[in-house]
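Each of the two complexes below includes subunit A, the first together with subunit B, the second together with subunit C.
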Partner chain A sequence: MADTTGTGPLGAFFKGMAVTGRQFIATVFGKGLVTTKYPQEMREKPQRFHGRHVLNRYEDGMEKCIGCELCAGACPARCIYVRGADNPDDRPVSPGERYGFVYEINMLRCIFCGLCVEACPTEAITHTRLFEMSTTNRADAIYTKTELLVDEEGRPNHMFETDRLADFDELGEADGWMRATAPQGRAAYEGQVSWSGSAGVGVRPPEAGQSDLPEEAGEGDGEDRA
Partner chain B sequence: MARLSTPPHLLTTTLGKAMRWAQTRSMWPATFGLACCAIEMMAAGTAHHDLARFGMEVFRASPRQADLMIVAGRVSQKMAPVLRQVYDQMADPKWVISMGACASTGGMFNNYALVQGVDQVVPVDVYVPGCPPGPQSLIHGILTLQDKVMSGELAR
Partner chain C sequence: MDWIDVLLVVARVVAVFALLMGVCTLLVWFERKVVADMQNRVGPDRAGPWGILQTVADGVKLFFKEQVTPRKVELGLYLAAPMLAAVPAFLMFMVVPFGRPFTITLGGEERLVPLQGADLNVGLLYVLAMSSVAVYAVVLAGWSSGSKYPLLGGVRATAQAISYEAAMGLSLVPVVLFTGSMRISEIVAAQSSTLTFLGWNIGFPAWNVVVLAPSFLIFTISAVAETNRAPFDLVEAEQEIVGGFHTEYSGLRFALFFLAEYINMFTMSALAVTLFFGGWSGPAWDGVLPAAVSALLPTVWFFVKVLVFLFIFVWLRATLPRLRYDQLMTLGWKRLIPSSLVWLFFIGGALAVRRFGLPWS
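Our next item is the complex of A and B:
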């Protein structure tokens, strides 16, 4: 065998093991430790993480969804099923004529691309940053309005109350995607709020954009996580 | 849900619990990476996520030595018999995690080439949504599986 290190076979061995030893010591004494102990601690997630969806409400408790099915039309995986119905005159569910009567997302087919959020004309559907959705049967993965719609105070619902792993605070961190986008997709409107307030949250602040915003606007990532 | 708990004898319940504990603490996965989900599956084994914390860092190329098949990626019609054969070659007890939208339902590829859900070929224990699911999502699926095995719901 060719001796490439010029130190003899034993020298090469110790040279190699020294690297291993250095890494070992760096890991044991905490300096080089990179592992996130997932169930106990969470990795920092980006503001615009595409996680589980929620259906939002206006500040007065009305549902934002108007049952227009644009989300279902935009969905490349065809995982959204919406049916609209006329608002009852005596007790309207949403402002305007119609509301989302049935709203179902098959989370197992969803590819979390965010096109539904982009397509929604009323910011009714948004992403949260919750990704813990593993199930043991397929039926559990179909989220209906019961799970998706936030309650009157804007608190999101969830299916698995006893799930010890999921961090349900992440469900409250909705519409990161929306705030990352200039309204109408035009740079001239960047930083301007042109979306409606949500129940329990109010009007969400715009996220700092990519172009010439003042310095103090900051990076945008995680500015409202505190 | 069929539960195997509440047996009448103290000795057997303890033995069953010990068995399940042993089964969950070193479930060696078989490598069945089929597409981009496999990259995330590999990332789950790296230092940042460290599947070794669950005794699962050894991805076995031989199905004989594996307890858990993580189907990571879209399963084409041609791959389906191969998948089934690998599953059949695994020794009992064995579990299957269907990782990602494609493996679970076909995802956005609703066409003639892909199996619309790997549960048409093998019995799936845990479905992990995502496209692809991140390493943490996969670990959540694995922990869900471990929980269900420990509780007896998926015990073999």
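Our next item is the complex of A and C:
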């Protein structure tokens, strides 16, 4: 028996037993246990969590998506399919000239990198912290506008309405990734709101806890912030 | 011996059977919980409070599972092996007393009811015999499965059982010499007083472990090996031989092996307690407490002591990696058997001197 502990086989035996014994006592007294009982209790997810996407609306109910297809171009997994169309004059869907007529994301291909969110000029597509996307067939994993587009209250469809697994409160918080990479964005602007309001939730608050900028970082960016 | 006596015997046997089933159920859960705690996990907690019914759920599942019979099996032995595992496991516990004998008046007669299946005058030999029979189950299961991994497991079981059977038997001889009886109730009775050291009653119970500590150590090690549990679980070794002897077993047949393993673990703990830690003996405070409580208290002591041993069993399993085959043999033949022989020689000499005086005096 190779003895690497320098304590001899018997010493090694007691050393090993002590390790498990210590862990046992720690767990019995409630320390060291990291398990959360998942369906019953949800762990708080980080603010920049890359969950399933939603297509946002403005506060007046207009869709933010303008059908520019920048997200589809940015997508490294090529899982986004967008077709834009001209807004009908009598009943415009989005404030701009065009709107996203078809919008599909294949969630089986998506790598949740967030490049679509970065690319989007109108913050139409954002991540949420929803992550329960299991389906029983492949076709259901292709999210169309029906599932992606939020309703007037800012809630996405295809969320099991009665299911407690869906945490609606989280939807009201900002998608931190988008905030950090907002159009004029450097990471130092995390604390600032530079985005439009959304239906249901209004102007989402800035990312929590990160707005205390170090002094030197604030120096050169003075005019931007004003 | 009238019919009431016969009924009492039947009741005792049924009680032991029920006890073992209940203990086995709880023990599986206990092991999973403790191992989980040692690995910073939660363990089963869904079925019933704290997951205590998990084993029941697993048992029900095994009941309803298909019992696959591979084509190449030696059918008769293949079917007999699980029973051969379960039956000795139950039988072995029959001689272990788990409480103080009590008297009840039935049919106008006072009758003594010992809390054990049967009080044999060769109790200890019987235990060794039964634990040897249990090995046949593993060997036959391995051979009759007609498949290579179970066969390897069976071969390992043979070698392991022979090695550790010897060490275990030798470790029990000092107990018999020291107590002067193989009747297990007498071994317990001999330990129920307190210890006298240099003429002083030091108030510590006269457990055999005080005098026979080396025997106890050897017994414990070989008991772990005898029950095929980690770190001596070469017989089933999932990582090397895919479960060993029970690879080809499924459903209820597998459940019987499983049941036998845990009952054996309990029996070995009970034996260690009975032979070295005074069995059920402990303060019963007769006259202070109500008679019913006093009668029950020894049983409580017994189970508390056994629980400590079961915990150690589980602790070992959670800590130690499996021994290699040659290490197992080295430990058995080159360490345990010689040391138990030396110890037996020493204790035999000491007892002879105590009884007959020094040879030159």
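As a working rule, the second predicted complex is superposed on the first by the 168 of 226 C-alpha atoms of A that agree within 3 Å, B and C clash if a C-alpha of one lies under 4 Å from a C-alpha of the other, contacts with A are read in each partner's own complex, and residues count from 1 in each chain.
As a working rule, a residue touches a chain if its C-beta (ideal position, glycine included) is under 8 Å from a C-beta of that chain, and two chains touch if they have at least 3 such contacts.
Note that this is a predicted model, so its numbers are computed, not measured.
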Partner chain in contact with A:35 - subunit B first, subunit C second, else both or neither: both
Touch count on subunit A, higher of subunit B and subunit C: B
Subunit B versus subunit C as contact partner of A:24, first or second or both or neither: second
Residues of subunit A that lie at the interface with subunit B and also at the interface with subunit C: 34-35, 37
Residue ranges of subunit A touching subunit C (in the complex, touch as defined): 1, 13, 16-17, 19-21, 23-24, 26-28, 32-35, 37
Touch list for subunit C against partner subunit A, complex: 34, 36-42, 45, 315-316, 318-320, 327
Contacting residues of subunit B [partner subunit A, same complex]: 47-50, 53, 101, 104-108, 110, 117, 119, 125-131, 133-134, 136-137, 139-141, 143-144, 148, 153-154
Of all residues in subunit A, those that touch subunit B in their complex: 34-39, 42-43, 76-78, 106-113, 131-138, 141, 165-166
